[in-house]
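Listed below are the structures to be examined.
In the two complexes below, subunit A is the common chain; its partner is subunit B in one and subunit C in the other.
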Partner chain A sequence: MEGILVIAFSLLGTIAGGLLCLIPSLHIYNVAGIAIILWIELSNKIPYYTIGPFFMALMVSFAFINTIPMTFFSAADESAGASILPTTDMLKSGKGRDASVISGLGTFFGAVILVLLTPFVFYLAPYIYLPVRAHLHWIIGLILVFYVMSEWPKGAGRGKTPWAKFKNSWHNCFAGLLTFVLSSIIGLIITTKPLAPPEKSFQNIMPIFLGFFAFPSIIQAMMSEAKYPENQYNSKYLNCKWSDFGYGALPGTIGGLITAFIPAVTVGISAIFAGHITNHRNLRQASFEKPKNPNTAVHVHIPEIYYQQERVFLVAGGINKIIYYVGAFLFLFAITDLTPNGMGRGGMNILLKPIFSPERGDFAVMLATVFFTSSLSLLLLIYFTDWTIKIMPKINVRLVYGIVTVVLLVLLYVMGGGWMALGVAAATTCVGLIPVFFSCRRSHCMAVLLVPIALNMAGYGDAIARLLGLM
Partner chain B sequence: MSNWYVYIDSETQGPFSDEKIKEMIQSGKITNEMNVMKEGTKEWLVAGAVPELQGKTAPSKKQSPSSSPSQSQPKEDFMKNVIDEEGLCPTCGYFTGSLLTCPRCGARVKNKIALSVVKKISIIGSFIGVIFLWLAAYYKQPTLIKVAEVDEQMNGAYVTIVGKVVSYNEDEGKDTLKMKIDDGSGQPIGVNAFKKLKQIKQLFGSDENMPAVGDLVQVTGVLNITDKFGVSMFLQIPERLQVTEKFQMKEIKIGDLKKENIDEIVKLKAHIISVSERTTKKGTKMYIINLGDETGRIGMTIFEAAFEKLPPETKELLTTVGTEFETAIRIGEYRGEFQATILDYTKIKKLGTVEISEAEAASASANSGSSGFSNGMSANVKSSDIGDLNESSVNNVYKVKAGIAKFAKRKTKKGKDMYSLKLTDKTGSINVTIFDGDYNSMSASVKKIIETEGNEIEVALKISEYNGRIQGGIADVNSIKKTGTFDLDKSEDGEEESPKYKKKQDASEDAPVKKIGELTLADKGKSVKIEGAEIKFVSSNDKGMNLTLGDDSGKIKIMIWENMIEKIPGLADVEKGASISGIFAVDAYNEKLQLKIKNPKSIKIE
Partner chain C sequence: MSAIAATTFIPEVVRMSTTMKLDNPEAVSGSFIILLAGAFGVMPDTMDFKLGQFFSIAENEEDPDPRNPDPQKMADAFAKAVNEAGDTGKSTKIQLFTIQLGASLWRKYNMIFENDGVIIQIDNIVKTSQCPIPGTAPKTNRVGRAKFKYELKSRTNQICWLNKSVQWMRHLLKGPDHPPGPVKPSSVEIFMGTQFEFRKESDGKIYFNWLPWHRTWSHSYVLGFMLSIPVFIISYLMNLHHWWLYGLVANLGFIVHITEDMTGHIGGSLFWPLHKARSEGLELFKASDPRTNFSLDYSAIVIIIHNIDRFTTKLITMPWWLYYILFLILPLTVYFWVVAIIKKKIQEKEKRVLKEFEDEPDGFSDMTLD
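Our next item is the complex of A and B:
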């Protein structure tokens, strides 16, 4: 009976996660928050051991199905920029189906890597986790420094005066710095004196993330004049090679492990790291040919290399996503003698810890759930992709976004803590609009968590609180 | 004659005269698609649409710079695929997106939201938003709550709790302060200040001002709720810890101690009468220290693990017979004897040394196996007939005068010696168990008294219950006195129970039905009936089982010893998710509520 219930709740989590993730801008952590409230109400009727499989299934299906809104609705969360960027270009070229399914295949490949490698990591991870834990504050600090400094000027230096040229070139970098600083200040304020009412505190991060990522995406999408081009959904094949998975495996796995291990680092940041570590971004260099005549250089642009880079990017992004979302949650179940409370990271751990604590035998059940749910989710992804392509030309996207906005605002008011939550979301929306309209990285908004966590770990949290006058 | 401005290569050139313009048109420098503006007007026009210049311009041969090699479709088709009419400039048909002015022809595109406006809103709104958030945080007052009100949705809540410090621990090595606060509503809450101890000490100035056990404090922090460890609070900012009322410790003499003083914190001035080492059943060492003042004696036990952590000077102080000191202690009790526990080993004030007479030292040593004794306790003991002992007598000490109907030596399951006495008076019988530790601490004469069936003795008994039956333990070996002889033939046989004894068994079945969340420390020692609780957690070891039970009101732990497991059908194989009902006794360990099985026959597992 126990086994049947575990399978049933895994199925329920897959379907619930799959359907709800199709809604643009609705993050899985918001869905999980609603599920937790429902579980608390029904805790007498639902067996305790089904919590783990249900939420694991939710996370796995999200890692797959959120590809669809990110591809077709441009409802990008912070992860989207570094995990699924080529989809926009592919969508315009009529290859949206390829984009979505290749990313999904990458995610499935990542699930297989997770299931096969995690038991080994189980034995290594505690030995890495324990010594690293005491030094996380400066590791996060270094990540932040690298992240801020790795943004380059995107303007072309247009303008008549030197000031105009300088402004044009560097405006995005300064906008990124401004976003970083404002997000850090907001994070320090919120962590020093959380503004959510006590009874809604478990979702106190929701207004912030909706404001930074969801609402600016919606505003941007509603302002856009673009219509979606026709995409095909009848082909039986994908424009993809098996070597793409080989190229994408390493950066995806490294990126995912970095994100899963280090607190508050998300897919966008780790993907950039992984890309630099594995140098997978420089596949283009393979396109240079030897010059036929001496003392000349020939740069032959081979289109296939360009498209291969897109596919490798998608595969790596897919692997990165699942290892982050699911791996970070899976580590919670890695209970060893050195880590008796597991090594869990990520938002799902924080949401679940008041109501759920894993036991030693649960790890195997979770691995099985990951594999089972990944297989189902891949099928759902293919089906939902085709369905989305069919209905996209017929629906009024602006109307959809309008409805989503109303739903999110209601959710924010009910679950986030009333008018204060709406106020926080408004403030963070303004900050979140800066990256959107000044062409800098949205990941700068993650300073809202990274900076306070690093400062608190280093022991300076109270000094900052005194500086801000928030005693 | 008019002059014209021309927009070439991203800059405005001119003014050019009519002739010059025509020359440029003929030479191909100006094409149909380029923008021209007549001097004196503010409107840019496409050269091909200007009647004055019509027919004089050459078609453009240049490709649009926006086309990329990868696009194989003609530009028009591509544009058609990706943009609709609203995205095109009404004058030249160029794609403008959300721009207000066409970048090619400069025409004003109407009914658009200017990107610059959105940018300004985002920048200004961000600054206003951050200021608003700061003001909201500045004026926010934390919510004052009771620990009993905390639920799972309050994880991360910013709250204030006011309560008494019940335990306090400083770790200078980790610069951490940990304490437990009881606000009287339920279980105490742990407050943790990681890497903040030095700052807290600097803030309070001196050790006397630091929070201590018994003080009333107000703490503001963020709640941390986990399923495994319950509710605790992180104290991030030292200024958020305030001592609202300092605990005024009363000084007490040992001889004045009463049962009501148990769990109280008092100041004690005493000297060390004797120190002895003993090995526990687990093989670890413990130190039995007998303290005394002019009114009585009290025992103190320090286990090896705690003793090793003490500074050398404290170790020496506590192991030197005759040392007189003053410190804060918590009064406890063990097997009917008062026990002292020093609250803070760093706050022991040495007063001097006193001489201990040989008789006093010898008397204290003789009783060291029984973990200390207190003359004061024996003096306050009430007398009782055996037949009057019932459920309400459990955990109390009574002086009983009865005859020894039976004496037997047995072995425990672990092979150690134990002795059982059956004491009988005219009202009933009671079994008394004496473990080898207590037996060995008896003098030879006392041993002879209790081993002789037919002796009538007076003894202080600590009443307990085991498997639903009342039994006794020797509360004070010094209290055993022979008062006469007892007629064995008139004694009742072992199995007969006194009427009140029987009623005690039945009484437990009248235990009130309660939810787990309704239990408080005030229910300690009482029986409760719990129905339909779910087993949330199961773990077994060689000593027994640990279960966590839960219902919709809360959770509680229960420890079941090995010998009890066999008596409850289905318990040995029980799994998480099963339902359990039955009668339990409420107990507490380290201020945390837990249950014990009161009546194994009442336990039902589904």
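Our next item is the complex of A and C:
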């Protein structure tokens, strides 16, 4: 009976998560927050052992299905940096289906990698997790330093004087720095003076994330004049190759492990790191060959690996995403002698803490849940992608976003902490719009969590709060 | 990453940086000292690309019209800059800008150098990811050619004592240099474009210097030391525990970066402002080779984990040499072996593709299936 209930609740989680995650800009942590409130109300009617599989199924289906709003409705969340650019490009060229399904296959491949990582998780990871745990403050700090310093000027540097060149180039760097500083200050304020009442503390972060990521994306989508081809290319084949998965495995896994083991580091940030470490495109560089066309001096031969990049990026993004959302939760169940409380990180662990704690032996059940729900979610993704392509020409995207905005505002008011939450969301939306309008990295907004977390881990949180007059 | 790894060899730095008060009872909080190594480690390139390049004003600029780029005009401008350097004997620079066509679309163009001339060829449109869009090369007016009055060369023969030392070391490590070939072709694709400097040398030839602003004053051990002085002073004034370590760590980050860069093809102005010339590199690795980057980053991570553990948690009980055999040498051996196989396969395939499409026009080879 227990087994049947576990499967039933996994199914329920997959379907509920799948349907809700189709709504642009609705994050799984918002859905999970509602589910937890319902769970607390129904706790004497629902068996305890189904909690883990249900929430795991929610996470898995989100990791797959949120590809659809991200691809077709440009609804970015904090993982968007890893995949939104190629998907938008592919959608523009009528290959939205390919983008969505390749990303989904990458996510499924990531689920397989999670299974393969099991020996690493139990026998090696504790020896990394424990020593590194006492050093996370500077590791997060380093990620921030690298992240801020590695945003190179995007302007061409036109001008006759150094100052003119500097001004022409630096707009994105300035915007990035401004976003970073403002997000850090908001983060320090929020962590020192929580918005939501203690009984709803798990929703503290909701207005911040909706403001930084969801509302700016909605505004961007509503202002956008971009027209995507109504007839998206459809075929029983996919424009991808097995080698795309091979090339995507390393950056995806490394990026995913960074997000799974380092708190508050999201897919957008880790994808940049993993990309820097593992980009193997230059194994074969473009070459200058004898001309083939009478109007040319040379034939510039572009190796196939260049053409594969976008697909590799999608695959790696999918792998990264599932290790980030699902792996971080799964590692909570990796209970060893060295890690009696598991090695979990991420929002779901924080959300579930009040109602659930893992036990030895749960890992196998959860791994099976991941595999089972991943298979279902992939099928759902393919079905929903085809359905979305069919209905896309018929729907008014602006109206959809209007409705979503109202739903999110109501959610914010009811669950996030009333007018205060709406005010915070308004402020963070203003900050979140800076990257939209000035083309800097969106993930700078993650400083809202990274800076306070690093400072608090190092033990400077109170001192900084006093310095800012917050205590 | 290498700068961080180097810093973790200093036990006190690791102990200061831990939030567990293992054998450091006076410590109140975990120190961010290691951030200094990271920040100073990235600083030389940050100063170059975010600041230094804007001070390198080119006498000649070529900013092609995105709607109708004129390769002949570009080639003429290039030749004019080269000839000017030869005629006047003064070094001249040319800045070539990118051709942006949209938010994420750019027109690529190539420069192919001959001993006494340049060919500019307009090519396909590429995305910001540098992924080309096949079939987008212009059908007409693709090529411009211009002749120089002087011969171009890729290696300088005006060698200072620093360059002599670098060359000596390079020959020691690699054997004699190959005879200098022609200047390699170059492409302009996305964001900033590129800059070249031309300088007439005693043999009457023009030395071709790519990115003359890169790895000059910013890549100097002297500058690194000077920049770390404020760190020494501030940490002393703040009465920080082991204040002298802060400046040392900052300086170490800077030193590791510059030294690592010396293994590539472009060296650095190692003793600027005392000695301003930029040296050549040891040419052991290519900066663009992904294997170098990956193996260095991986090694740094393995070293950092080992050092953190041995100076704080002490969970890893195996001897250090076994740790490095198991987790560094063995995985990297497998990595290089796998990459060698992949690389061979890619080379074979590209040869086949080139042969197969020998009679096809440029831009035919859309490599996606279907």
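FYI, the second predicted complex is superposed on the first by the 429 of 471 C-alpha atoms of A that agree within 3 Å, B and C clash if a C-alpha of one lies under 4 Å from a C-alpha of the other, contacts with A are read in each partner's own complex, and residues count from 1 in each chain.
The working rule: contacts are C-beta pairs under 8 Å (C-beta built on N, C-alpha and C of every residue); 3 or more make two chains touch, one makes a residue touch a chain.
Please read all numbers here as calculations on a predicted model, not as lab measurements.
Contacts of A:112 after superposition: neither subunit B nor subunit C is touched. Within the superposed three-chain model, A:431 lies in touch with subunit B and out of touch with subunit C [touch as defined at top]. Once the two complexes are laid over each other on the shared chain, residue contacts for A:192 go to subunit B alone; subunit C is not touched.
Of the two partner chains placed around the shared chain by superposition, subunit B is the only one that A:204 touches, whereas subunit C remains out of contact. Of the two partner chains placed by the overlay, only subunit C lies in contact with A:131; subunit B stays clear of it.
In the overlay built on the shared chain, the residue A:153 is in contact with subunit C alone; subunit B does not reach it. In the superposed model, A:169 lies in contact with subunit C only, and not with subunit B.
Using the contact criterion defined above for the overlaid structures, shared-chain residue A:459 touches subunit B and also reaches subunit C. Legend: residue contacts after superposition of the two complexes on their common chain; A:44 is shown touching subunit B, with no touch to subunit C.
Overlap of the subunit B and subunit C interfaces on subunit A comprises residues 158, 160, 301, 303, 306, 459. The residues of subunit A lying in touch with subunit B in their complex are 2, 36-37, 40, 43-44, 47-49, 92, 158, 160, 178, 182, 185-186, 189-190, 192-202, 204, 223-227, 229-230, 301, 303, 306, 341, 350, 353-357, 359, 420, 423-424, 426-431, 433-434, 436-438, 456, 459, 461-462, 465-466, 468-471.
By the touch criterion stated above, subunit A contacts subunit C in their complex at residues 85-86, 89, 126-128, 130-132, 134-138, 141-142, 145-146, 149-150, 152-158, 160-163, 165-166, 169-170, 173, 235, 237, 239-241, 276-289, 292-293, 295-310, 313, 338, 457-460.
Per the touch definition, subunit C reaches subunit A in the complex via residues 4, 17-20, 28-35, 38-39, 42-43, 46, 49-51, 53-55, 57, 63, 97-98, 100, 104, 110, 112, 119, 121, 123-124, 127-132, 139-140, 142-143, 145, 185, 187, 191-193, 288-290, 293-294, 297-298, 305, 308-309, 312-313, 315-316, 339, 342-343, 346-347, 349-350, 353-354, 357-362, 365-370. Touching subunit A in their complex are the following residues of subunit B: 10-11, 69-70, 81-84, 86-87, 97-98, 113, 115, 118-119, 121-130, 132-134, 136-138, 140, 143, 145, 151-159, 195-196, 199, 222-223, 225-228, 236-240, 534, 536-537, 551-552, 576-577.
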